[in-house]
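By written order: A, B and C. Residues from 1 in each chain.
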Amino acid sequence: MADKRFFDKAGPFSLKDIVARINCTVSDETRLSLIVTDVAPLDSAGPATLSFLFNRRYKATLDQTKAGAVLLTQQDAPHLPESAIGLISNDPYYDFAKVSQLFYPEPVVEAQIHPTAHIEETAQIDSSVRLEAGCSIGDHVVLGAGVVIGANSVIERGVTIGANTRIGPNVYIGYADIGEGCRIHSGARIGTRGFGFAMSPKGHLDIPQTGRVQIGSFVEIGANTAIDRGMGPDTIIGDGCKIDNLVQIGHNVVMGRGCVLAGQAGVAGSTKLGNFVACGAQSGIAGHLTIGDGAQIAAKSGVIGDVGPGEKVGGYPATSMRQWLKQHAFVATLMRKGRNKE
Amino acid sequence: MADKRFFDKAGPFSLKDIVARINCTVSDETRLSLIVTDVAPLDSAGPATLSFLFNRRYKATLDQTKAGAVLLTQQDAPHLPESAIGLISNDPYYDFAKVSQLFYPEPVVEAQIHPTAHIEETAQIDSSVRLEAGCSIGDHVVLGAGVVIGANSVIERGVTIGANTRIGPNVYIGYADIGEGCRIHSGARIGTRGFGFAMSPKGHLDIPQTGRVQIGSFVEIGANTAIDRGMGPDTIIGDGCKIDNLVQIGHNVVMGRGCVLAGQAGVAGSTKLGNFVACGAQSGIAGHLTIGDGAQIAAKSGVIGDVGPGEKVGGYPATSMRQWLKQHAFVATLMRKGRNKE
Amino acid sequence: MADKRFFDKAGPFSLKDIVARINCTVSDETRLSLIVTDVAPLDSAGPATLSFLFNRRYKATLDQTKAGAVLLTQQDAPHLPESAIGLISNDPYYDFAKVSQLFYPEPVVEAQIHPTAHIEETAQIDSSVRLEAGCSIGDHVVLGAGVVIGANSVIERGVTIGANTRIGPNVYIGYADIGEGCRIHSGARIGTRGFGFAMSPKGHLDIPQTGRVQIGSFVEIGANTAIDRGMGPDTIIGDGCKIDNLVQIGHNVVMGRGCVLAGQAGVAGSTKLGNFVACGAQSGIAGHLTIGDGAQIAAKSGVIGDVGPGEKVGGYPATSMRQWLKQHAFVATLMRKGRNKE
């Protein structure tokens, strides 16, 4: 059970109510009256708890679970103990997200203008906004309904933030428009100066970075991630992108919808990502490239050429995943052969 | 055109005035009376706009441009449409930086001590300084003329900051002296404890880090970059260095003039970089090494030995770029041959 | 000598008093009355200064030193000049840490509640706590004796922090319990939302992250490092871990005692590290893995499988260090041979 100091739990809910919200078939329709009080992993779940199996590494724990109900695939259902009702789903992870949100909805925002917040007079702030201690709101900033600005965050001149977007503590946002329903976590830096200058032995000369950052709706931006503003064109992050912690996004980068960038990934300036591109942790993409829709970049790889739609690449310089894995196997085989000859 | 909410534009300027400030020859001296109102990329420029071509990837857009004047090299000049005046330069990127700074100069600093700033009495603050909301200035700090300290930044005891240096919001600076004309972006951490301790199964034992950070003039430090103070000697960043976002600089690192470190690069403790060393994104240099003047470290490479002046290295462990590229080609060739034999 | 603007020095101490605190034999017992005023590297030490040699790269400077006493190994002792007393230690680095702490103890904390600090009424704050300017302390937060919260840091609802833990400026902590004697540096983000969601073309769906961060005692966390809270289980950092700057720790990661993670390393979600695991700079460990006690991960390597206790791995995909180095040598040899045939 989640620690009450930090999380407020909703419910309980009947299994019937839960099942109505997701896309599953129930192993025993006669037990839908079960009252479910919480969600929990298989090994800590009890009879009034709903559990789940989506990562098959943890399959071994299934037949020992004391959970009252378990979300899982058809394939895993036969291993379920009798005590547990099976909720058979094509995507148990997705359905678990829905159930978990039911028990642990995001806290409702209580409107507040903290007395230590600094607000310029020309800012337009909806009456339902929450401004936490020590935050700073610049001239002509526009904050929509239900926006939260965390403690000691700084929103500079002219920025607009759409309804229900929540900004964590110690965040900086400048030169940007942010859509609705975004989550921007502590320490993110949005709209900082792009790394643009003309190198010269007389002293590198800055190029004014006169573009913006345009962020769509329902975007998540991780802790201490940095997104530079454009140099003239804008840096653009499409709707529904998920960006993890400590990620670097250079100036003029354009990202389509639903891209996922894992921790410490980096995208250099002016590169374009299509929709639903996935970049693994610590991967890097060089500048001025085009990455097609649905392309997948393996963790730690370094991409120095365009990647087509749906391609999966890895290694550095990145090649197709198949080629990259083959190359490793090939060298290993050569080494074994070489050793046998000695 | 840059968004007026965020950027103030200067001008217009006559082409004659512009040309006087840069190093170019003009394709048609009779048209120097053109009044230029802005700068813009080739594809969005209009007849009163100055554009540029320095990245030859974008050469295809040249003959369609509606720009009134275009900065470009002699080599590209023949492809310019008649409507555009050619400004032929040996370094169009450098000259564009100058023109762009003319239209978009950095905003003039308005002196201000925000009422919510916290300032220790012993701090020496020039009357032209700007202290934004919620910043904190420690004992005996010295701030030169025209210094800006962004909102909620923290400058600790004894730090000195030279004239016209601008510190963004949410920055930390301690144990440091900073030169003139620097730009330190949001979330940078300067002078934090170096990672120095004696490992032991009884518990790792901290080594006091009693050095400083000494930063020259006209240095740029990116968002969320961390520069540790020295362990006894100092960590030193030379004049004119350009450091991008999320870079890690360990204790006792010494950097000469004009070094350029791209995003997420890292330099481990006690390594010395000469002048004008360039480190690609996500590259790493191990500790206690010497990197010569003008050396170039490819993106994502891992340097574990000294690098001579002017050398170009890549890969991990990094070897000469030539060797590294050859090695990749060699394995690929072997694989092709192996496959043909099967 | 350390800069007095930033560091307060204790002492002087007699060599006799110093030797009593460490584990060494003295080359000349008759000279223990030497009064030592400071510690310094070999090349800048004077007759009243204690120096050290532990990194043998710097051995050449030993016979020229003017230090009054030098901590070093038996092996290096013969190269010591007559003017210097040898303090012969099995672990001169560890003993130097002790001596250096004697001269440069961490500053004593002066209790203070800064008038600009924001404190919720339900917080329990020991009378010896130091709250710096602009920090924000949430509901039901518990701060033990001698705790320091740096300027503009944000400690959210319900967090507990053990005695003598010091938090730097601009830090965020939420959903966490922190042990005693920790050092958490500027810009660290602890307890931010884990990167957990169900991917879907209809829009990625967030999984509530209802776990905590549990940090042991005497843990160090570097500048701008991010540690996500667990998804349901907790993220756990064991006693005495040392985590450098810009490190990323995913949700549900469990770390034993005394682990060391160098700058820009990353550990993905649900991975378990044993005790005293060492991870080099820019290394990455994939999710859901188990890394045994005392394992060592080379800098920049990418670990995608379990690592046994005491194993040393490198490369990407990481293999044993021996295998990894062999493979590099093998390809180089093949290339040489290939060239000779041409």
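We take it that a residue touches a chain if its C-beta (ideal position, glycine included) is under 8 Å from a C-beta of that chain, and two chains touch if they have at least 3 such contacts.
Just so you know, these numbers come straight off a predicted model, no measurement behind them.
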{"item": "Rigid-body rotation angle, chain C and chain B, from Cα fit (steps of 5°)", "value": "120"}
{"item": "Self-contact between copies chain A and chain C, residue sets same or different by half", "value": "different"}
{"item": "Separation of mean Cα positions, chain C and chain A [Å, integer]", "value": "28"}
{"item": "Shared interface positions of chain B, touching two or more other chains", "value": "116, 134, 152, 170, 187, 224, 246, 264, 282, 331, 334"}
{"item": "Chain B - residues contacting chain A, complex", "value": "2-3, 5-7, 39-41, 55, 57, 91, 93-94, 96-98, 100-101, 103-106, 114, 116, 132-134, 150-152, 168-170, 183, 185-187, 218, 220, 222-224, 240, 242, 244-246, 258, 260, 262-264, 276, 281-282, 299-300, 328, 331-332, 334-335, 338"}
{"item": "In the complex, chain A residues that touch chain B", "value": "116, 118, 134, 136, 140, 152, 154, 156-158, 170-172, 174-175, 187, 189, 192-193, 195, 197-201, 203-208, 210-212, 224, 226, 228, 232-233, 246, 248, 250, 264, 266, 268, 282, 284, 286, 288, 302, 316-317, 326-327, 330-331, 334"}
